[in-house]
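You will see chain A twice below: alongside chain B first, and alongside chain C after that.
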Partner chain A sequence: MKRLLPNLLRLAALIILVAFLVQPALFEPLLKPLVQANAPAIYNQGSLLSLTLSHLTTVFIATFAATVVAVGLAILVTRPIGAEFLPLSRSLVNIGQTFPPVAVLALAVPVVGFGEKPTLIALFLYGLLPIFENAMTGLSTLPPAIVEAARGTGMTAWQRLTKVELPLALPIILAGIRLSVTISLATATIGSTVAAKTLGEVIIAGLQSNNLAFVLQGGLVVAVLAVLIYDAFSAMERMVSRRAGRV
Partner chain B sequence: MIEIDNITKRYGDNTVVDNVSMTIAPRTVTVIVGTSGSGKTTLMRMINRLVEPTSGAIRIDGEDNRGIPGYELRRRIGYAIQGHGLFPHRTVAENIATVPGLLGWEKSRIEAKVKELLSLFQLDPAAFGPRYPHELSGGQQQRVGVARALAAEPNILLMDEPFGALDPVIRAKAQEDLLAIQKHFGTTIVLVTHDMEEAFHLADKIAVMDKGRIVQYAAPEDMLVNPATDFVETLIGVGERPFRLLSIGTVGEAAEAGTAEGEPLAAATSQRDALSSLLWSGREALPVVGADGVPLGRVTLASLARRAARPR
Partner chain C sequence: MRFRIDKLGVVIAALLAYGAFLAPFANFRANRIVPGEPRAILDALPAGLGTALLIFIAIALVFVVLKTPTLLRLLLGLAALSVLAILIGLSASHLTPPENTYARVSPASGFWLTSFAFALLTADALARLRLSPFARVTLLAAAAAAVAALLMSGAWDGLSILKEYGSRAETFWLEAGRHVLLALGSLVAATLVGLPLGILCHRVETLRAGVLNVLNIIQTIPSIALFGLLIAPLGWIALNVPGAAAIGIRGIGVAPAFVALFLYSLLPVVANTVVGLAGVPRDANDAARGIGMTDRQRLFGVELPLAFPVILTGIRIVLVQNIGLATIAALIGGGGFGVFVFQGIGQTAMDLVLLGAVPTVALAFAAATVLDAATELSNSKPSRAA
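Then we have the complex of A and B:
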């Protein structure tokens, strides 16, 4: 019962979001007061739905790549063989985080051209740190008795990793991915400055034509997406931590 | 049979196990005791190669334990540790099935084995199999830990302070269960503990370790009568000697013909506990019954006093 109200709110937010993306005209009266006379209240330079889908696709690809690389690195540096790479890996992902995405875009465009690619690179670099740090924490704070038992039962290194260490670290790794994906959803908007198809287009168009309704709808769609995806990840974490017996 | 041959383990300049040799007879319980840092756990962990020795060799049934990869060796040797080390994301049944699964047993065989072991440890397979470890009590978790160690029917079971985390009541029960299971399977058990009481109760032979060396390796009675060094004597506790002697034998062995009044004692009770019951009830003798409740005779205060005296 305690979860009922928040879940109803989430469901309502999702329904409104989908309705807005599919039939934006329905919401015109709400946004009309925000614009000067004759200016359009609903974004009219492309489909909001397709912009949202390509925004999500870009974030998904970048986060997926960041997850593979960050978790891979975390696995490597928590093995005896890779322990000496820990400082190096930490510096690399830290640089990815400290380098502003705008600067990455500026540097990437001359190399890979305009479009999705520079955005993907910026989001990928920006997303590494939370996933890497969380995966490191998850893999290096496993209860010693369980790690010992996994060796004692005769599991090979690979079996210990896949059957015991990763499943037990999964809730913490998921928390890292959740942080990374939320940051990327917001950051992806700046990709539109280098012609990536994202919801940033709507915001930029609004800023250029002094259209508050555009800015607001672009921003709100991103915000609602971020909240819903964040909550979905939180629910998933709760589920896997119950299974991992960490509750 | 486990033959430990001049085994040494060094970490840098620190010698943890120092040139130890001992032979562990099959189907016996050997308890390694010592203070913390004496190297007893390291010695045991070299048997299943969780720790690789610096020098020396260990042979199991005549074969060098380095003849096969470490993980294959460990699948053949049961291993139970303090705090049980159960996998929290797997059910009780899946935990017990760990080693058979690694060995590639057929599903039906694994299921039968899990059922057999759960029943043997007095846990209802239907009720406990699907549960997760955190849903069990400490004593139940410990039993599942031992059941997992025995699942692939190993000849050897290594136990590292297996009862350390249990309260005294459950610990006594767990020790009885272990002895019953050791008889049932004929497993060779090597157990590490710092609890002398536990050592005298369980062991066929005790190895006392101090600073990486074995200072005495003997049957409990011999150790009581002839402690090799002052250290062993201190560890046994001079004031405890008659009681330790009594805790080795069961009341069944001390039973004599005759009858007595009072609450009967089970034959498997240790003589020490029998003495305690006699003293507490204020009686000269108490009846003794077998596991099935059949009267076996009686045990007297005088006979226990005789048995507690220094053997000659």
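Then we have the complex of A and C:
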């Protein structure tokens, strides 16, 4: 019962978000007071829905690639064969997080040009760190008794990894992906300063034409998306950790 | 005697081999706008020096692949980085025709890759040596001093990033001051507000979830939107509150950037204060109560000192995050290094982007190193504080 109210609120937020993206004109009266007499209150230089979809696609591709690479690397450095890389990987994660996203984005431009690509690269690189850090923590802090037991039952290294270690580390890895997605959703807006098609376009158009309604709608859509996705991941983590017995 | 292979060394050697022998060392452009012509090490450096560098790297290749003492690897890494830093400056003066002020020379992929490979070697050696916090800060200070010396000596003056700096030295320091002011000022404000708020949240349980949820949601608003959204309320305050405009509150500029950074900073400070206070052992609190300490004495004498390392971790997160986010302030006229980044993106002048990005990264890196060292120090002697 205690979960009911928050869930109703989330559902309401989702419905309002979808309604706004499909029929933004319905919300015009709400945003009208924020703009000067003749300025448009609803973003009119492109469809909000398609911008949102390409925003989500960009974040999804970058996060997916980051997950594959980060989890793969974390598996490698927690095996005996890759143990030599462990100290360096820890300090690289630390150093990497001091790079501001804008700098990564700006530095990617000379290499790959304007558009979606620098954004994808920045989101990918920036998304790697939380996932890698969490996967490394998850895989290296497993209860030794369980790992021993798995070895004792005669499981091969591969079976131990896929049947015991990864499932047990999954909640922590998911927490890393959640962090990475939330950061990416917000950072992707900055991608529009290098001509990527994301919701940042709406915000920047608002900043340039002094149109507060644009800034507000772009910002709110991203924020609501981030909150909903964050909550979905949290729910998934609770489910997975209940199954893994790591509550 | 049998030689053993260092696996990480193989990766570093591969980067070095590609960077030194196949990739261009420097980029030459006849003026600021035209595309560059890549130059390999042998063309980019005066005769003899180029060959010497290639021989040096070839020897380093063998040295890193084999298992060698960590301290020697650290020294090699540091020496190689210094050599590369000096040579790229020489390459600039070598490639620029005499009396030519339009030509631009910038480091190319080969330079970056070899530097990255040697930086990896250095970082790995440092991680394995587990230096004390003092040693790490000293090393950072030495590196900063070396860079400052190179800048002062004029060895890098031929590089295009410094030519960009040369034509706007005054603005550079102005924006640098603004950047630091934004990042540090909002941190101080957030600590002054966040610490009491965190203590309150710890004491009053009903408040905790609500406050943390609100702060969490603020974090999800993209920074450029939050900057933009604050323009209107602050503009209104400037117009309607007497005296507000006089102390610098305006719709655009530093004020909204400062407030946005402050809002983003609150969550890590408050959350870490709550976590730190919650982690204080019950025994410590009971003992303090037992000897008749008042609530206030307990807070300042027991709880805060014990929670200090966790709170400091929160402050580190905030400072590094703020140094990065302050670049975005430039989009709403708040100044900072972002001014150069966005101007550079607008003019497709990458040297200008670097002029903004490099100091930002360096600042964030230095802040992280210093605060990490401080956290480690405060962690290692909590017993005395208690």
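Operating definition for what follows: the second predicted complex is superposed on the first by the 241 of 247 C-alpha atoms of A that agree within 3 Å, B and C clash if a C-alpha of one lies under 4 Å from a C-alpha of the other, contacts with A are read in each partner's own complex, and residues count from 1 in each chain.
One rule holds in what follows: a contact is a pair of C-beta atoms (placed from the backbone, for glycine too) under 8 Å apart; a residue touches a chain by one contact, two chains touch by 3 or more.
Predicted, not measured: the structure shown is a model, and the values here were computed from it.
Q: Contacts for A:I146 in the overlay, against chain B (first) and chain C (second): which applies, first, second, both or neither?
A: After superposing on A, A:I146 lies in contact with chain B but is clear of chain C.
Q: By the touch definition at the top of the document, which applies to A:V18: first (chain B), second (chain C), both, or neither?
A: Once the two structures are laid over each other on A, A:V18 reaches no partner at all.
Q: Return first, second, both or neither, reflecting whether A:L9 touches chain B, chain C, both chains, or no partner chain.
A: neither
Q: On the A-aligned overlay, A:L30 touches which partner chain: chain B = first, chain C = second, or both, or neither?
A: Neither chain B nor chain C is touched by A:L30.
Q: Of chain B and chain C, which one touches more residues of chain A?
A: Per-residue touch count on chain A favours C.
Q: Which partner chains sit in contact with A:T156 here, chain B, chain C, both or neither? Use first/second/both/neither.
A: In the superposition, A:T156 contacts chain B only.
Q: So, A:P167: does it touch chain B (first), chain C (second), both, or neither?
A: After superposing on A, A:P167 lies in contact with chain B but is clear of chain C.
Q: For chain A, which residues lie in the overlap of the chain B contacts and the chain C contacts?
A: none
Q: Give the list of chain C residues in touch with chain A in this complex.
A: Chain C residues touching chain A: 6-8, 120, 123-124, 126-128, 217, 219-226, 228-229, 231-232, 320, 323-325, 327-328, 331-332, 338, 341-342, 344-345, 348, 350, 353-354, 356-357, 360-361, 364-365, 367-368, 372.
Q: Spell out the part of chain B that touches chain A in their complex, as residue ranges.
A: 48, 50, 71-76, 79, 81-89, 98-99, 102, 132-134, 148
Q: Could you list, by residue number, the parts of chain A that touch chain C in their complex?
A: 34, 81-82, 84-85, 87-88, 90-92, 94-95, 97-103, 106-107, 109-110, 182, 185-187, 189-190, 193-194, 199-200, 203-204, 206-207, 212, 215-216, 218-220, 222-223, 226-227, 230
Q: Going by the contact rule set out above, which residues of chain A touch chain B in the complex?
A: Touch list, chain A to chain B: 145-146, 148-156, 159, 164, 167-168, 243-246.
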